[in-house]
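Comments concern the structure below.
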Amino acid sequence: MIEQLLANPITLLCLVISLAVVVAGLVFAITSPRLFLLVIKNLRRNLVRTMLTCLATMVLVAMVTMIWTVIYTLDMVTTEKSKDFKLVVTERWQIPSQMPMTHADYVNPESPKFLPELKGMIGPNDFMTWSFYGGTLDPTKFTRENLLFMFVMNPKHIRSMMDELDTLDPALVKKLEDTRTGVLLGPERLAMINKKVGERIKVTSLNYKGINLELEIVGELPAGRYDQSAIMSDAYFNDELDKYARTTGQKHPLDNKRLNLIWLRVRDRDTFNRVGEIVENSPYFSDRPVKVETASSGIGAWLDAYRDLLWGVKWLLVPAILVSMALVVANAISISVRERYTEMAVLKVLGFRPNSILTLVLGESMLVGALAGFGAALLALLGINFALGGIKFPIAFFPAFFVPIWALAWGLAMGAGAAFLGSILPAQKACSVKVSEVFSKVA
Amino acid sequence: MQGQPIVRVRGVHKYFTRGEEQIDVLKNLSLEVPEGEFLGLMGPSGSGKTTLLNLIAGLDRPSEGEVWIRDQLISKMSEAALASWRTRNIGFIFQFYHLLPVLTAYENVELPLLLLPLSSAERQKQVLTALDLVGLTNRMHHRPGQLSGGQQQRVGIARAVVTDPTLIVADEPTGDLDAHSAEEILNLLCELQKSLRKTILLVTHDPRAAERAQRIVHLDKGRLVEGDTSTAIRPAPVGAVAGMQETAIKQQGS
Amino acid sequence: MIVLFGLLMVLGAIIAVIVVASILASLFAVGVAVAPVHKVPIRYNLRNMQVRWKTSLVTALAFTIVVGLLTVMLAFVKGMDRLTQDSGVPGNVLVLADGATDEAWSNLPPASVRQLPDDLQRMIEKNQNGDFLATQEVFVICTHMIPNPNPGGRKRRFVQMRGLDNVLIAADVHQIELESGEWFSDAGVREVTRNHNGSSIKDTALEVVLGNGIARTFGADVGKDSLGPGDIVQIGPRFWYITGVMKASNSAFGSELWTKDRSVQELFGRANSYNSYVVRTKSEEIAEQASKLLSQFRSERAMKAQTERQYYSNLTATNDQFRYAILFVAIIMAVGGVLGVMNTMFAAISQRTKDIGVLRLLGFRRWQILASFLLESLVLAFVGGALGMLVAYLLFDGATANSIVSSGPGGGKSIVLRLTVDGSVLLWGLVFTFVMGAVGGLIPSLSAMRLKPLESLK
């Protein structure tokens, strides 16, 4: 958690700003309660304006929160970790990576072919293989609803290696292990194909021509990240490929390319470097050379196609939204200041120091900004994560994005920050109000 | 030289309801104003004089009774009909001038003409005539903020007469002016009445302003005060016109 | 939940009504402004905006940002659309293996037009040498290790390589011309001297032609504008000698490397295998007929044929995804802008209550007041919006960006697109500006219209 935070300076900055704003607000409310009350009263004077400004801040903060959620998640998965991180072993030179199944044996600690050099670096719980199987439930209709894309893997690696599935019910894993033709489906996928747990489905393959499967739905994957996913056991898949070879007399064209990814977990970067060196230089892999990289950098390479887009979002869209938010606040607060010009002069006559007037104006806009920002982030957090099931914006292989708890700090900091930027000039103007000028105008 | 009554107010009753309570502003009031008369309407605050003015100017409608202007029963007109009737028939002069601050004197005077079917050449002619009448042609491209109070009120008067209205209503036109400027404005009004034969309704509680009217009507608690009503027609002071011209010359010189 | 849904529906309906009413009212206001009817002069509004120039400026700037961003985002999608529309030659038929959702997943044996029935053969065009305009292509996405990567930056990228049996025919089929250099030789290899750890060594390099998009990307790696003929680049396990650069900026080929089919097949374990066939027919209609016949044609591997135009126009899933996302972002930003302009207009009206009262007394009608204030809001919006579009046009029109086009999640071609600010993008910008100005202006203008003249003068 802390490591994540440190890796994301913007979030850290937001957290610091939020804390500062809250502390400053509390100090202000406690030390000068009268002034604070005046701020509240002023806010209620033009309710329409306060509401409009508040609403504008809220929609814009909610928007940025959503955008940042996507960027933050992508940043997080592509940030290199220093401890207990995952590696992917894939075909060295081309996409999609297609390797012979034998490649897995050399790095599988439970296989007799396990490379002895790797002993002690990879434990039995640090290994997993993936094959991808795509098929359709209705070969006459290739619709999105009929498509089924599955991770083919050894069920006993699910809890130890799959992200966020370490808390999966062991009974489900057991069921998948026991049912050779079993499959676990994400809740949305299940709803989309209109099936229930216990029912059977027939899948006609798209990528493994001729390898058609009959599967039994044995359970549901947790909602969220795996909403659209499916996991089946590799035993059935491998058997079917072997059966194909026996019945047709020749191996399936993809027989020797059925392994797409190998996952490993290592303690630290040093182990990663050593594993990488051993595997990449091992003669056992020379027929189909492989590369070893951290999961983060692997995902990073996939996101490369989106880099201009992400750049635009990060450095054009988000700043522009923040600026327009500051403009809306600046507009509202400068209107208020102009309307109360006389009043500010009266306050000065009554002995208010310029600083108090500055605080009055800044306090007013920042209170609205901070509350609206926090509220918007809270609404986004609850609404998106619980009501909508994440932001459905598929990029590469991320089906949906979930708002992190830090969004509350983003919201507060953004709201208060934009309010500060928008009101600093009007506030300065207000506190430099010349009493004589105002009264000569009035008279 | 008085013609037929141009304003006929008959049995007018005006009340507002505030909650359960009914507040009578005008009670069974009747009044006639002959064409070309300069009528002063006096009375303490709350006496209903402004309400009466608003009824005659078609800004408001009576709860009961009739208001006739010439041969039009304006108390029964729809709001839309009233609005266009006002444009043609009423010239307004306000205490606080109520000029649009961003428009020049010329443009302010032109404003009511924009609602009439006139060519721009005709509009220009009429505006210049009106400005000439109040002696402000030399300042016509100034905005109200660049004019003195008296000058602003003269722009207001030009705006009131530019459409050649049947009736000019003035609500405390001198209320916000110093004595000298007030005098000028009153002179101007008298001159309008005399030279253009305009019917003028002046609401005021300033006796000096009321003095200039040919007839003064007193209102109190929503009724015309009997006996106090003077029907004597006073001629406008001789010096008025001369004074006005003098001012205009001074303005041009400055 | 149902209550919440109901509330949302009601809210949606209210918003829809407001938006529609605003648009109608604004069209009316514009009509009043241009028609020869009596109205509050527009200079009254302009002067007021001038007097309140700071507020006007700030409000207009908010519009500038929102509309400017919208324009840039739409220009991006427009660039993608252009690319998917312009890629593909009318009359070309693209054949993939049946069931392949993406070119990269397709797998076809070597083939020849001569194997086809006569009626199909007759549909296929020939060049002046009498050769069929037909090409078989092996397509791989391979890894390019970035030379001298920034510390902490990415170390490799994916590049798309296409191996061709006959590049001259392929260039003809795809209507691709060279920007510089020449096509690779039929042998596809050449002896080169290259720098290795400071000393020159002799090596056999494979010949390759780069799309101009990827040539620029590679150029940027080594601090040049673009790589060109004579440069050597390492991709996968081999060194490649660049013989030429293709002029293909606005098609998917701009991001591709073209080379001899053998080079790809040997290097990437694709012996005797292709991903696609492309043949040229006389016209789009014949191409459609040929697609049907080819899809029915029995061979050792079932085929799925479609016209190339069709293929590329199906690669719009990502375009659509971006389009919806942009629309969503734009609408949300527009809401912010609208609320801002509402603030401005409310303040403007409260400052000018007396003006409104006077205008009404002088005989101006409610609708004239409404039209006047609505027009003011529209003018404010248009000044800001037009500036935003102008800035977007000047800064971003023609700029290139990397993106991806695909027919669905998972697959995709990386492409280099050109941001395009054209008439339709500007039209959308204008529509947005108009709607924002209209919605932001309506409610305050209604409140102005409803002011009672007598009360507003008190």
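Which chain is which? They are A, B and C, in the order written, and residues in each are numbered from 1.
Here, a contact is a pair of C-beta atoms (placed from the backbone, for glycine too) under 8 Å apart; a residue touches a chain by one contact, two chains touch by 3 or more.
Because the structure is predicted, anything quoted here is derived from the model rather than measured.
Summarising the inter-chain layout, the chain whose CA centre lies farthest from the centre of chain B is A.
Each chain gets a centre from its C-alpha atoms; the one nearest the centre of all protein C-alpha atoms is C. Between the CA-based centres of chain B and chain C the separation comes to 66 Å, rounded to the whole angstrom.
For this pair, chain A with chain B, the centres built from the Cα atoms lie 72 Å apart.
Annotation: 25 Å between the Cα-based centres of chain A and chain C. If you check the complex, the residues on chain C that touch chain B are 38-41, 43-44, 47-48, 50-51, 354-355, 357-365, 453-454, 457.
Of all residues in chain B, those touching chain C in their complex are 54, 59-60, 80, 83-84, 86-88, 92, 94, 98-103, 107, 111-112, 114-116, 159. The touching residues of chain A, counted against chain C in their complex, run 48-49, 52-53, 55-56, 59-60, 62-63, 67, 92-96, 134, 144, 149, 205-207, 209, 253, 288-289, 291, 297, 300-302, 304-309, 312, 316-317, 320-321, 323-325, 327-328, 330-332, 334-335, 339, 393-394, 397, 399. Chain C meets chain A in the complex at residues 54-55, 58-59, 61-62, 65-66, 68-69, 72-73, 76, 99-101, 104-105, 107, 140-143, 154-158, 236-237, 267-269, 321-322, 325, 329, 332-333, 335-337, 339-340, 342-344, 346-347, 401-404, 408-410, 412, 414.
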